[in-house]
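For clarity, chains are labelled A, B, C and D in written order, and residue numbers in each chain start from 1.
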Amino acid sequence: MKAAVLGATGYTGLILLRLLTEHPDVREIIAVSSSQPGEPVRGADPGLSPALEQKMGASAGKLVAIAEAVKAAEARDLDVVFSGLPHLKSAEVCAPFFGRCVVIDLSADFRFSDAEAFRKAYGAPPARPDLLAKAAFGLAEWYGDRIRTADIIANPGCYPTCTLLPLLPLAREGLLKGTVIVNAISGISGAGKKERTDLLYCERTENACAYNPGTAHRHAPEIHKELAAAGKGLGLLFTPHMAPLKRGMCVTTVAELARSPESEGPRSIRGIYEKYYSGRPFISLTDSRIPQTRDVWGSNRCDIGWRLEGDRIMLFSAIDNLVKGASGQAVQNMNIRFGLEESAGLRAGGEL
Amino acid sequence: MKAAVLGATGYTGLILLRLLTEHPDVREIIAVSSSQPGEPVRGADPGLSPALEQKMGASAGKLVAIAEAVKAAEARDLDVVFSGLPHLKSAEVCAPFFGRCVVIDLSADFRFSDAEAFRKAYGAPPARPDLLAKAAFGLAEWYGDRIRTADIIANPGCYPTCTLLPLLPLAREGLLKGTVIVNAISGISGAGKKERTDLLYCERTENACAYNPGTAHRHAPEIHKELAAAGKGLGLLFTPHMAPLKRGMCVTTVAELARSPESEGPRSIRGIYEKYYSGRPFISLTDSRIPQTRDVWGSNRCDIGWRLEGDRIMLFSAIDNLVKGASGQAVQNMNIRFGLEESAGLRAGGEL
Amino acid sequence: MKAAVLGATGYTGLILLRLLTEHPDVREIIAVSSSQPGEPVRGADPGLSPALEQKMGASAGKLVAIAEAVKAAEARDLDVVFSGLPHLKSAEVCAPFFGRCVVIDLSADFRFSDAEAFRKAYGAPPARPDLLAKAAFGLAEWYGDRIRTADIIANPGCYPTCTLLPLLPLAREGLLKGTVIVNAISGISGAGKKERTDLLYCERTENACAYNPGTAHRHAPEIHKELAAAGKGLGLLFTPHMAPLKRGMCVTTVAELARSPESEGPRSIRGIYEKYYSGRPFISLTDSRIPQTRDVWGSNRCDIGWRLEGDRIMLFSAIDNLVKGASGQAVQNMNIRFGLEESAGLRAGGEL
Amino acid sequence: MKAAVLGATGYTGLILLRLLTEHPDVREIIAVSSSQPGEPVRGADPGLSPALEQKMGASAGKLVAIAEAVKAAEARDLDVVFSGLPHLKSAEVCAPFFGRCVVIDLSADFRFSDAEAFRKAYGAPPARPDLLAKAAFGLAEWYGDRIRTADIIANPGCYPTCTLLPLLPLAREGLLKGTVIVNAISGISGAGKKERTDLLYCERTENACAYNPGTAHRHAPEIHKELAAAGKGLGLLFTPHMAPLKRGMCVTTVAELARSPESEGPRSIRGIYEKYYSGRPFISLTDSRIPQTRDVWGSNRCDIGWRLEGDRIMLFSAIDNLVKGASGQAVQNMNIRFGLEESAGLRAGGEL
């Protein structure tokens, strides 16, 4: 496998470089930077492993311009391109790769098959409405069949991943009704490596708050389209929060039960989850134990716990927003797409 | 004013010492420690101001045993005792002070007028059921009349304070119905200065999670009793979260509207809040701007914002859990009880 | 007193607004912003106290343009201007105030009486070489006599303040010789509120490092000129470090003793410090106890401890870099200059 | 390889379990806990990978009592025991393993070949003076020859590792003289997972300070014995600091040059390091770039930079205190001892 990473110096790009360095099936990595081509990749982030430079072959450990990656794609020795670019820009920059290699896009550009839904969420029409229908939504545990054959994979957002993984099985089984209330806490890296005052250390340490609640957050429609597809009539009220975490995300979901909780006790809830996730390497069921973001730090795992509370169910899920919520799931999608071991190059254990 | 602080080396005690040091009407402070009497108070916390030592007069800047404070109360030159002791222990240790001076109890021992409700929440009968009816619930903006004459003031918990202040006006006006969904994030100091593994720096930094959700948290019944008293039939589903904050609390509340949102637009919501809180020095209305915990760090303020979302209203509130959520509100209650300026010795501005 | 704050939305400006709000002798505050005049000051930082708006009188709680502050100075009802602007820009923007009111400059523009020394440290000639000799170096505990009559006060940097306060008494007494090795850890706010990638939360949390060591740091010559003036022939090797702190600074100094340590035991060291600092409200001697940055958080205090180690002495000092290291010392200088209580409006106790 | 980890639920133990889980040559892991045998290992730390349970074979994913591990050692199917126990206790608990399998001890019990030196540093005689001479000091880059044949390997402390790696080559070459001044900043995990008030989140966040300076820190003699062995007459003044980091250590060293700096310019310094470290997978030379702790987070790397400053040299080094400073170097020592690839199971890249 030969892979290129567009936007290699952003947070998702830097995690991708780390994961691909350790990936047993990836032979060569091209790190692409539109802003600083020619720079040594380990100058951009001295934390990167020296082993990455060995995998960078022809590019001699240096960030390359987009044109170099295009040439490699044209020469047909590039298998996959990961794009960690911002939405709208991503679809545009990826244009030369469509049809030449598999594109795994971490931006929102291909997450909606409906152009109007994209426009509503992002305030602009999608860059490539012609390709929306061809893209697979890369929620790896749910769209494996489509991912296996797709040449464009739209990696889901971190909030949708962490919210949908515990919700979809219950929604599919018709267990839920009404408006699902979702409250999420995200690590600051979810906002990207942007020179914004509100992302400064001094503004975020010892500080927590909700932001863009309800329909104001772009991820709400992305979550809702999947939720509504799984369970007719389900509504969503989604509120993200920022807390002083570099990485990590935890989601607390409250949903009304459509059926008596007696018939769906703790055992049965586990049964439903096992029906959908049994054997999947990155779903861990913690039953009544509530997952912590620390448990999954650095891993591609999503931990899921739950509690029954009267006629409601509470769901608790945790991921690393940069791994299962972004770059890790992107690699998982690559693994699925190319018939590799699903967990190749990914860790199921969290750091201490 | 002469004041004693029981449990002076815990977090609420240490904040009380700070506030009373700066309080213009407090002439003398007795810092009481059952575990380390005789120790210099600034040895226990070198951050304390040298000015505290001057206010400690007879006790010469040293932590005193409970017996000393009792003697001062018997000699009738102690006006008020603050207890920062754990529940059950607090009512017991405070026994000699009842009837001799005003007791402001930061524990849960007098928060429930109903002994059975206490027993359910705390798993043991209240220590002094005979005094429950005499205690005022010290939510300062709501129970001023009772506080002004009470000799026992039960200072509310931090979660109840931050949750009830935005909810009660709307509940009183009959604007809400159904089950109110409350998600809160608290600073770690809310758990007290306890030698517990799960409170270690290495366990809590870069880590967030829900804990004791739903009816499992002791503060849920404390919130619910007040909520139900304000608005008939209102239910509560409360989920606290821990995030890497030393101090601070933010609460996100979702409630169904009992009346059309059109008739209660942003203007009217503000109108309701002004009806109840106008002129109160520690309530700040932020309208659609969502408060951050940082804004109120070190202050006794509760910031309240809101947004309408279809037939629901979202409320956002923030306090410093150790100030408005504990020691600050205790001083505010002292001010009210003794006819001082409500804001004496308290700050309305947050630290940077 | 009527005071203006230039650069009111930077970190030192925001702390100045807080301190002046609480200052008993300051009647009116003009908050000046070159970038966002007309904006409500509490919109720029919702943590500011509502009481600030009352002190802002004519400016109605809004940030004003530099021209407004100049007009107030011309009308002779402005007593003091604090400048929290960057070096070089500060002297330029302050030009209309010189001669009209006292200028307390938190930048480096007037810290060197020697123009060449400034040029070496800052890579450019000073903006106002004509005024260098008129400015007092605002190390409050050392230059009170000059500060009392100066119309320009050059507030020292945070590193020089925290390094010099423990060193100067020993240097003056001829106790030290050789090259003094200084290692300092600073809170990130010392770098200002700048939109720089390396100041992002995700770059600085869980991260520590030295930076600009030795002669590479601009504060080294500022420290050295004072040190050399106090003790002939003393050298300096200064290394600052960044750690994940919003505020706070601790300095560890190792110096060779010029005289036998026996004759200058712990008692005598304290004696020397008392000779210079006795009665000063913001110097706290901790003897062999090592100060922590937390002890002085939010206070204007400098805590100083020491240990003898063979023929060397180790000095340990801690300040809040934004208070004693910047805005607090600026207010202290104002107090000294205008004959107010030295500690007016300043706290000697640290936050918890 | 079959390995046991004593003290499996401490921080070094938990990192060892992570590393051994990913180690390609380790077939079976026995996690030993004296305090909670019988507990599921992933209950003690839900962050551990499910893959660990598979490697735990006979122990069925449960923590086992010391007796079980002894039995495995007696049955000769245990190759190596890692001890993450406290000093003095470690040598005692390890007793049954000596002679039966290789013991890699992360405590201080075998770090001094001189019993008296141990007694001075630890205030008690060593538990097993008879074995001191048989133990190899496990500074992997320096004592490979001894490690390859030793049956007891004394893993160095984190401070000695990070301090000695940059110092030893220069000391060996006779480049240094006088007293070396070392200032270090360590992550809080270096103090272990102990229920101590001073290690609580609320005590350590936003707080930094020196502690146990000079000869007061136990690691000073451990550093000095190696330093003095490498360069005659070299002295040491060592001051550790705590900052709000979970993991990570950076060391700033100032040393006098014994020879003219001209003859040993930046190039030559690199030359010396290359002479000793060329080809070693975990030493990374950063020249004048100063390493950050973040760069090596999670990796077994030690990054080393330097600057010349007059007649002194400044050295800057960074490690992850739990990896290269403890468990990672322990695994590196196992690799060397058993003739495996030195870097097997270890990462050279740091986490983001």
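Just so it is clear, a residue touches a chain if its C-beta (ideal position, glycine included) is under 8 Å from a C-beta of that chain, and two chains touch if they have at least 3 such contacts.
Because the structure is a prediction, the values reported are computed rather than measured.
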Most widely separated chain from chain B, with each centre as the mean of CA atoms: D
Of A-D and A-C, pair with higher C-beta contact tally: A-D
Centroid spacing, where centroids are CA-atom means, of chain A and chain D in whole angstrom: 36
Inter-chain centre distance, chain C versus chain D - centres from mean C-alpha coordinates, in Å: 40
Distance between chain centroids, defined by C-alpha means - chain A, chain C (Å): 45
For chain B, residues contacting two or more additional chains: 11, 189, 203, 205-206, 244, 246-247, 291-292, 294, 297, 352
Residues of chain D touching chain B in the complex: 11, 187-189, 193, 195-197, 199-206, 244, 246
In the complex with chain A, residue positions of chain B that touch it: 179, 181, 183, 185, 203, 206-211, 213-216, 237, 239, 241, 243-248, 250, 252, 254, 290-294, 297, 307, 309, 312, 314, 316, 318, 352
Partner chain D, residues of chain A touching it in the complex: 11, 14-15, 18, 21-22, 45-52, 189, 205-206, 246-247, 284, 286, 289, 291-292, 294-299, 303, 322, 347-352
